[in-house]
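What follows is a pair of complexes built around subunit A, which joins subunit B in one and subunit C in the other.
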Partner chain A sequence: MAIKRLFIANRGEIALRIVRAAQALNIETVLAVSDPDRDSAAAQLADRTIVIGPASATKSYLDPRLIVHAAKESGCDGLHPGYGFLSERAILPTLCHAHGIAFVGPEPEVIDALGDKLRARAMAGAAGVPLVPGSDCVASAADARREGDRIGYPVLLKASAGGGGRGMVIANNAEEAEAGFHRASAEAVAAFGDGTLFMERFVPEARHVEVQLMGDGRGNVLHFGERDCSVQRRYQKLVEEAPCAAMPDHLRKQLHESAVALAASVNYRNAGTCEFLFDVKRQEFYFIEVNARIQVEHPVSEMISGFDLVQEQIRIAGGAGLSVSQDQVKLTGHAIECRINAEDVARDFLPSPGRITRWQPPQGDGIRLDSHMTQGAMIPPFYDSMVGKLIVHGSDRADAIARLSAALDAFVVEGVPTTIDLHREIVAHPDFIENHIHTRWLEQVLLPERAKRAA
Partner chain B sequence: MMSSDTVNDRAITDARALLDTLLSSGWQEVHVVSGETEIFIARAGGGINPMRNLVASAEPGISVATEDVAEICVTAQHVATLVDIVPLGTDLQAGDRVATIRILDVEEAIPAPVAGRISGLSVDVGALIEYGMPIFSIAQAA
Partner chain C sequence: MAEPVFSSALQTLMEEFSRSGVRELHVRSGDFELYLSSDPAASRVAVGQGGPARPKEPRPPQAVAAENPVQAPVAGNALPADAIIIRAPNLGTFYRAPKPGAANYVEIGSKISVGDEVCLIEVMKLFTAVRADGAGKVHAILAEDGAMVEAGQPLFAVVRE
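Let's turn to the complex of A and B:
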């Protein structure tokens, strides 16, 4: 049964994005809001809003009972969780099912299985997805040398019982592997009372690539190409692009096939993303995890495919099959997205909520802005500090960078500090232009350079 | 139910964020009321603290608007459906059940914050109550 009235259990730009997608499908919208979000852009556009709780997210957006109660009592037959908040908590689809509401996302069992790193890794292995080469338990220095030689250096020696970096040693050759075994094992005994180690290949300069997937829950899965999200700070993505220009076509094909195989093996339903680590030197990719939801950076895939992923999500949750076949998915050009946050970069990216006194976004061909902000809008201090996503589409990567650079220059925001200046610097950096970046590039290269200039 | 530590931590986080907002903006003062937390921060020469003359509620989970000291309006702490409520004019002791609300299949009692007479009913039985909506008023016994 196609969804007639959709409940939106989220806020910010993604809530607005979902309201618009539903309206394009002639579906009524009911938006959950917390007290300070009563007048948000999404609230103004939705057919109805329900104030579910106070500012505190644990008493509003993170309480699945309040969310499902409001959805049910307002006569909704579908619920979209967006990203973040409860989007990957199995309790939400479980409650939805119990109350006759279609959940826009995978089955709760699939969310649980993919959310467990070890189970997800086993599922990926079973589906033939490449995993980071590693060892079983390593019992001696001689074992460590043998396994290191087999895996290939550098390797990471890790405590089986461990976590948080304790008992972890990087070894660049066989000698270091032997010496590292003694050191890591002693550390592991001291920290965890258990000296058992295992080894894993260490990729010092990796790229983060991920494949956008859409499944019908019956074993049919489409991909919408890959994204490269290697500009990161503390594992938070700042810039995302599609496709991954650093990846050769034969590898790209394998990457897509691996992601589709994994999703198909669990009859994946709705939108998902399979994340990989790409070792550019070795030209190999390894499974990281699956995110069982729509992602922040989905627009870059929409820009190169011309396909609305959120509308497809809602249709599939309403029981429809996939609306296109794989050969109808045509990927053209290059898209880049910048996440713009209200943060003070100079003060260690301190979130800086407040009122937007001037909001003058760029406009033009190939420019898309996903934002809930307007002049005079308030960024409440209670949630994340993202003010919007600037996305550009060009004929190739160089063209996209040129458009992005012009768009960032034209973007004027006053009232709160934002990361727009930082994005200008990223986009203008020779390493970014030449595409010689990796997941630690921002923290190891650009930010130190910036700090040096400021000193 | 959140522990009081969590509530306190959140209040501290909120206050820090508001202080930062105040300092980085041109505002003289900021006043935020949300849930169990009310925060007022002013620069030197800023406005008068509006919380100074407020009588705070001793009852957890009940917010009190004191337009008149003798009448207390109880508002919803979260979205819920009203299952039943005592008639207008009912005399109650503090802690007596005034209304029953429901979230999905779980019912919850709303007690009288003080001894007194129910002086106003704001919601019909069966209706969806949103956060912050008045549910009933009680005139405090002299």
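Let's turn to the complex of A and C:
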């Protein structure tokens, strides 16, 4: 049954994005808002808004009972969770199903299974997806040397009982593996009372690549190509692009097939992303995890495919099959997205809420801006600091970079500090232009260079 | 005006104002002037950036809750200036009685003290009693029994005796 009235359990740019997608499908929209979000851009566009609670997210956007109660009482037959908040909490689809509301996402059992690292890894292994080479328990220094030789250096020795980096040692060769065993094991005994270790391959300069998936829940799964999200700070993505230009075509094909095989093996329904670590030196990729939601960076895949993923999500949740076949998904050109945050980069990326006094986004061919901001809009201090996503599409990576550079230069925001300047520096950096980056590049190269200049 | 601290102070002030039940606030200091009003018919516009946080006029796909206070069963037209407004602490279904068939917690004219239970708010079969945060006589009941109310929505107006 196609959804007639959609409840949107989110805020910010993604709430606006979902309202627009629903309206394009002639679906009525009811938006949940917290008290300070009453006048948000999404609230102004939605057919109806319902104030579900105060500013505190735990008493509003993070309370599944309030959300489903409001959805039910407002006569909604579908619910879109967006990303973040409750989007990957099985309780939300469980409550939706109990009240006859179609959840825009996977089944709760699938969310739970994929959310458990060990179960997800086992499912990936069973579907033939490459996993990071590693060992079982390592009991002695001799074992560590033998396993290290087999896995290939550098390796990471980790405490089985571990966490937080304690009992963790990197070994670059057999001697370091033996010495590392003694050190890591002693640390693990001291920290956890258990010296059991295991080992896995350490990739010092890895890229983060991920495949956009869409399943119908009946075993049919499409991919919309991969994204490269290697510009990160503390595991937070800042820049995402599609395709991953550093990956050769034969590997790309294997990557897509692996991701589709995993999703098909669980009859995955709706949008999801399979994340991988790409070891450029070895030309191998390994499974990280599956994100069972639409992601922040989905627009880069939309730009290269010309396909609206959020509309497809809503159609599938309403019971429709996939609206295209894999050979109808044509990926062209190159797209790059910058996440613009209201943060003070010079003060360790301090979130800086406040009022936008000037908002002058770039316009032009191949430029897309997903944002809920306008001149005079308030960024409340209670939620994340993202003010928008600037996305460009070019004929190839160099063309996309040129467009992005011009778009960033034309982007004027006043009232709060933003990361726009940092993005200008990233995009102008020779390492970025030549595509010699990895997941720790921003923290190990660009930010230290920046700090040195400022000193 | 670009100072974020100032902006967030204003935002906080507006939120506090909208919760307080105070109907008008007018501040003038040097060349700074601020006028906040909870009356939709206020003839003056707010000075400075952004008006008071007021819920937008709902365009419900279907009639659900009695949203507008003036349509609720009110004895008399306008609320007295010093009325205390008891608001919904969270979204949920508004029930005036502890259980079906039982007498309502309060009626118009009932005298209440701080801490008295005045209604229930139900979310997914979980019932929470709302307690009066002011004492006096119930002057008006501003929401419809059995309807969904939103967080912060006015439920009762109480006048001091």
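One rule holds in what follows: the second predicted complex is superposed on the first by the 455 of 455 C-alpha atoms of A that agree within 3 Å, B and C clash if a C-alpha of one lies under 4 Å from a C-alpha of the other, contacts with A are read in each partner's own complex, and residues count from 1 in each chain.
Everything that follows uses one rule, which is that contacts are C-beta pairs under 8 Å (C-beta built on N, C-alpha and C of every residue); 3 or more make two chains touch, one makes a residue touch a chain.
Note that this is a predicted model, so its numbers are computed, not measured.
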- Query: Would subunit B and subunit C fit next to each other on subunit A once aligned, or clash?
  - Reply: clash
- Message: Tell me the contact category for A:V30 with respect to subunit B and subunit C: first, second, both or neither.
- Response: second
- Go through the superposed model and pick first if A:A70 touches only subunit B, second if only subunit C, both, or neither. both
- Go through the superposed model and pick first if A:S352 touches only subunit B, second if only subunit C, both, or neither. both
- Message: With both complexes overlaid on chain A, does A:L62 touch subunit B (first), subunit C (second), both or neither?
- Response: neither
- Message: Quick check for you: in the superposed arrangement, does A:V416 touch first (subunit B), second (subunit C), both or neither?
- Response: both
- Using the superposition on chain A described above, determine whether A:D39 touches subunit B (first), subunit C (second), both, or neither. second
- Query: Taking the superposition as given, does A:A406 touch the first partner, subunit B, the second, subunit C, both, or neither?
  - Reply: neither
- Task: Tell me which partner A:G376 touches in the superposition: subunit B (first), subunit C (second), both or neither.
- Result: second
- Stretch in clash, subunit B with subunit C, out of 9-17, 27-35 or 45-53: 27-35
- Is there a shared patch on subunit A that both subunit B and subunit C touch, and which residues make it up? 34-36, 50-55, 59-60, 65-66, 68-70, 73-74, 95, 352-355, 381, 415-416
- subunit C - residues contacting subunit A, complex: 1-5, 7-8, 11, 15, 49-50, 53-56, 58-62, 64, 90-93, 123-124, 126, 148, 150-153
- Message: Applying the document's contact rule, which stretches of subunit B touch subunit A when the two form their complex?
- Response: 2, 6, 10, 14, 17-18, 20-21, 24-25, 32, 34-37, 77-81, 103-104, 106, 128, 130-133
- Item | In the complex with subunit B, residue positions of subunit A that touch it | 34-36, 50-56, 58-60, 63, 65-66, 68-70, 72-74, 95, 99, 344, 350-355, 381-382, 415-417
- Contacting residues of subunit A [partner subunit C, same complex]: 5, 28, 30, 34-36, 38-39, 43-44, 47-55, 59-60, 65-66, 68-70, 73-75, 95, 352-355, 357, 376, 378, 380-381, 414-416
